[in-house]
């Protein structure tokens, strides 16, 4: 009989401490340093440019814009929902996000029974662009007045030269 | 009348039914923990076999359409009963539940009956995986039956001093008189042969060619679920206890004066035998192929058994 | 009581004669004649049992009143002692059962009159052989037996190979008959008498080479009749093609005549079983036959051919037990002889039922019959369990007695030869179990084959005889002690007490003394039953609580098992790792791959050895005859 | 039955149902990333056997069915058939994001949609190859659900 | 008397040789009958003696000192001849049926039952 492989190690293992981590009883060990886990979305930084949606391969995020009820008429409240069950955690969205609003945390414990457990929802309040001081009519009127003034000035200059 | 009550108590409690069930579950649990520890992992709780069996009892039993229903449901029950009755014959010290003067032949046949019920049950289940599984079980039976018989003949012949005896009581008495047979160097090859036979008889990991999960999807038990599965799993555990008990009866029958010490020694030696014969091969080697099992048993193991048979025959 | 033996034989022969006259008119008349004949002969034989078996008398009958004068036997005598009557019982029971079976089994055949005439002649000749006390009379009966057996084997001459099997059986069988005749004549040459009892008296004193050669010839002759080692292809061919009731007769009864002849030869005529060389010869032959036939049976494709090889290997067991020479061995051999007739007969009748319903005997085409023929499956399981020696059945009791006798013989004489025999015997029983698992899986269990779709349960007329045999199997298995006391002990005693046999023959009735044979080891102590009861009740309590057993509702009209089943409701389909459950039946031929792989050379050698050519079989027979004669001259 | 023995036995069986979890893994077209993570859960470092887990070969003996991979066209029928053959009470656990939503393969002609279409998913473990600890947590959750299902069966 | 034994022994061996080596069914049957004749000759010559006369016994004629040939072997020979005839008839009928079914008489082709 050839030397039985691993017999020595098996018998010595009996007396060594098992290497198992006591997870379900104890708490889960931390993941490696920059582990790409669950997405964290910071609504304040996001400028709703849509780069993340365009660059996401499984298109796991959806953006819904609704007028903000409290604010001025132009305000929008955009809800970002990242569906963790269809995300590949490639981190492209985090890289392409100009404002670094999306970061991938190292939380890997993503188990759940309903689909809602896997949705990461973030809200972005997008102010309406500042209203121009003048309304378009006023602008037109001001432009006309400027035009008229410029013509009067030229006429006066021509008259002066003519003299 | 007291004798009758004594024998009924023997059967029901001590070396009999209750002790067998508890011992087999604990033994199976210890075996799984030891294998886990040898792979440096924590391993399941010791009562895991009990949870497995109870869980299987709770699950729904599906009888496939192509199966022959009566045989399909009856075979596991007969298998479990035959193995439990075998356990009655094993002596603890010198006390055994049932005592006849040809124990070994009855044990040999009841173990064969257990394997046959496994085969007939899987044949009745009508699944091709079971068909392949039962032929592997038969090959395993052919391979381990020969050395098992030779070891029994050897021990019977040594303890019979003249007329061969098949009764475990006489063997126990002989060992009480001049020390457990394991110390007798002539019988070492026979002990080694029996240690090799035990895993194949029980269907333990390296030799479980009939229930190979990876190759033939649980082979013999492919179609079993719920209660019959619970019986087969319980049969597996009890067989593990019976075989290690048989080894202790044949080679390690240490009889001190009082009964409690006997029980303790018996349990420790059973655990030891299970560790050496079933846990270590399980943790160390991978599963054998079918013809490797056959070739291994008919060359190496039968060689050991024949060696000690001839040595004993010459009159050493 | 005096002329019961001759009456029993004559009723069978007269029955054959009357049947050929009356039987032509209608099936009812035929059945009436045949059944009454068999019943009368069975009654006569059974009525002799109390006198011969229990009181130990020996009935002698001299043909034509030629009583012996001055201690010299002139006429032909019938002598019925316990041993002859034991085999007489085997013969008449087997004849009765296979007769009633063939009433329904042969209903579709033509010219049934001839069938029953030959059948009754076969029965009469076999009973005559067993009861006769004259050596040449035994030769004549052997001839009639071979003659009718050959005719009956070729009865259905349209089956594949029937004529060929019959011809081979006739040619090589005649070699056996010639050697019996030569042996008889050589004995007559020396002792000038043909009466068994007289030969038993004189043979001990005359130790000249002619007697030894006569022993050799007779030994080879009876080996041929019992289909020992070089003659087992005859049995395989004859059984595979004969109708089921005839293959039951051949395997159950004709082999027993070979065994009876062997016992008479070795225990009574020459009484040289005491010599170790004779024991080596007989036990060696039995052992060789046992192992070779079981390995040959292992990869057969024809159901009956497999059963035939097993039948010969079981006869090998019987011969091995007889060759030991001890009282226990002889008792065990006789016990296994009657058990073999019962369970082998049952298995052949089951094979007949399967052939009757499905039309084929090929193991690869059959499958899943247990759902169509549940009762036959149960009968098969009883037969298979008995032959492979599973505890409650009779095979276990007698095989165990054989192991015990072989092993105690090995230990007492300290002879390594018998230890090897014991190991080979145990191994053979495991291989027997293996091949019956193979048959069970490929014929009865597993998935339903195309051929067996429309097979339904066989008629009641065929099942009753099978049930009779099954019940006898179980009864003999459960009460080995009582059977041993009542039948085995007197029979073995009669065989051992040859001198009493001789004295009784020449001087009329005499009581034989019965040596105490053995203490039988009781296996079924009542406590075991209590334990079984307790376990079952404990199991029931858990079961009634836990989850339900869900069974598929039966197939509706027109539904076929294998047609397409939607994935959603595939709950009850067998697990095919997700695929749709197509018909894939794991048949007999591709089981035991591991075992056959390792023994490829051995199996292919024996496969070529059975070449099927008449000349080869004759050659093997002649070589064996020569070898046996040389062995006898050198050693005995 | 006598002093409600059956209630005690049923409670014991319910308890056992959450302690002995036999896993049966169905690969519905997965890239084998999740498969090796499942097997990794059984290695000494994570050791799912502590929860009583054991890989079985046949769906008849499955308590927890682990599905990995977007249900491709080819594996669709086989998945449904195998799920039908598992005896009650059992839990369906999807490993990785493919079975829940089809991940990057969403909308392709060869992908037949999430597993939800075919059977209610009890626990799903997200992550494109979830870590073995996550799978273990999912199995532990499934064990609790299994106990409720078993209790529901005999009430 | 020993010459008879040699001749009968020669006949038996010749018959067996013929059965073993000839591949034609008819020749096998002929071989069988030759073996039979050999045995019959052996049986008759066992009982015969040169000096003996025919064993016919008419009442009152016995003169002490007359030698009879042993009648029993002759009776046995009769039976044996009858049996040999039946066996040959049976074998020939089988050979005819085999030829009609297999179309050949060569034993090497008639081997459907083998293995």
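Here the chain labels run A, B, C, D and E in written order, and each chain numbers its own residues starting at 1.
Definition applied: a contact is a pair of C-beta atoms (placed from the backbone, for glycine too) under 8 Å apart; a residue touches a chain by one contact, two chains touch by 3 or more.
These numbers come from a predicted model, not from an experiment.
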| task | Imagine the assembly minus chain C, everything else where it sits, and name the touching groups. | result | A, B, D | E
| field | Each chain counted as touching chain A and chain D at once | value | B
| query | Which chains make contact with chain B and with chain D at once? | reply | A, C
| Of B-C and C-E, pair with higher C-beta contact tally | B-C
| field | Chain centroid nearest the full-protein CA centroid | value | B
| said: As a quick test, compute the distance in whole Å between the mean CA positions of chain A and chain C. | reply: 89
| Between chain D and chain E, what is the gap in Å from one C-alpha centre to the other? | 83
| How far is the middle of chain B from the middle of chain C, if each middle is the mean of its Cα atoms, in Å? | 35
| task | Let me have the rounded angstrom distance from the C-alpha centre of chain C over to the C-alpha centre of chain D, please. | result | 57
| Per-residue multi-chain contacts in chain A, two or more chains | 18-20
| remark: Where chain D touches two or more other chains simultaneously, the residues are 10, 13, 44-45, 47, 50, 58, 60, 85, 88, 153
| message | If a residue has to touch 2 or more other chains to count, which residues of chain B qualify? | response | 36, 39-43, 57-62, 129, 217, 222-223, 226
| remark: Pairwise, the chains that touch are A-B, A-D, B-C, B-D, C-D, C-E
| note | chain B residues touching chain C in their complex are 7-8, 11-12, 16-17, 57-71, 73, 77, 80-81, 84-85, 88, 97-98, 100-102, 105-106, 109-110, 112-113, 116, 119-120, 123-129, 131-132, 134-136, 138-139, 141-142, 145-146, 149-150, 153, 157, 160, 162-164, 209, 217, 222-223, 226-227, 231, 289-291, 293-295, 298, 309, 313
| message | Help me check something: in the complex, which residues belonging to chain C touch chain E? | response | 136, 140, 143, 147, 150-151, 154, 157, 160-161, 163-168, 170-171, 174-175, 177-178, 181-182, 185-186, 188-189, 192, 194, 236-237, 240-241, 305, 607, 610-615, 618-619, 622
| note | The residues of chain D that touch chain C in their complex are 1, 5-6, 9-10, 13, 26, 58-60, 75, 77-82, 84-85, 88, 153-154
| message | For the complex, give me every residue of chain A touching chain D. | response | 18-21, 23-24, 28-29, 31, 37, 57-60, 83-90, 108-113, 115, 118
| query | Touching chain C in the complex: which residues of chain E? | reply | 12, 16, 19-23, 25, 28, 32, 35-36, 39, 42-43, 46, 70, 72-73, 76, 79-80, 83, 86-87, 90-91, 94-95, 97-98, 101-102, 107-108, 110-115
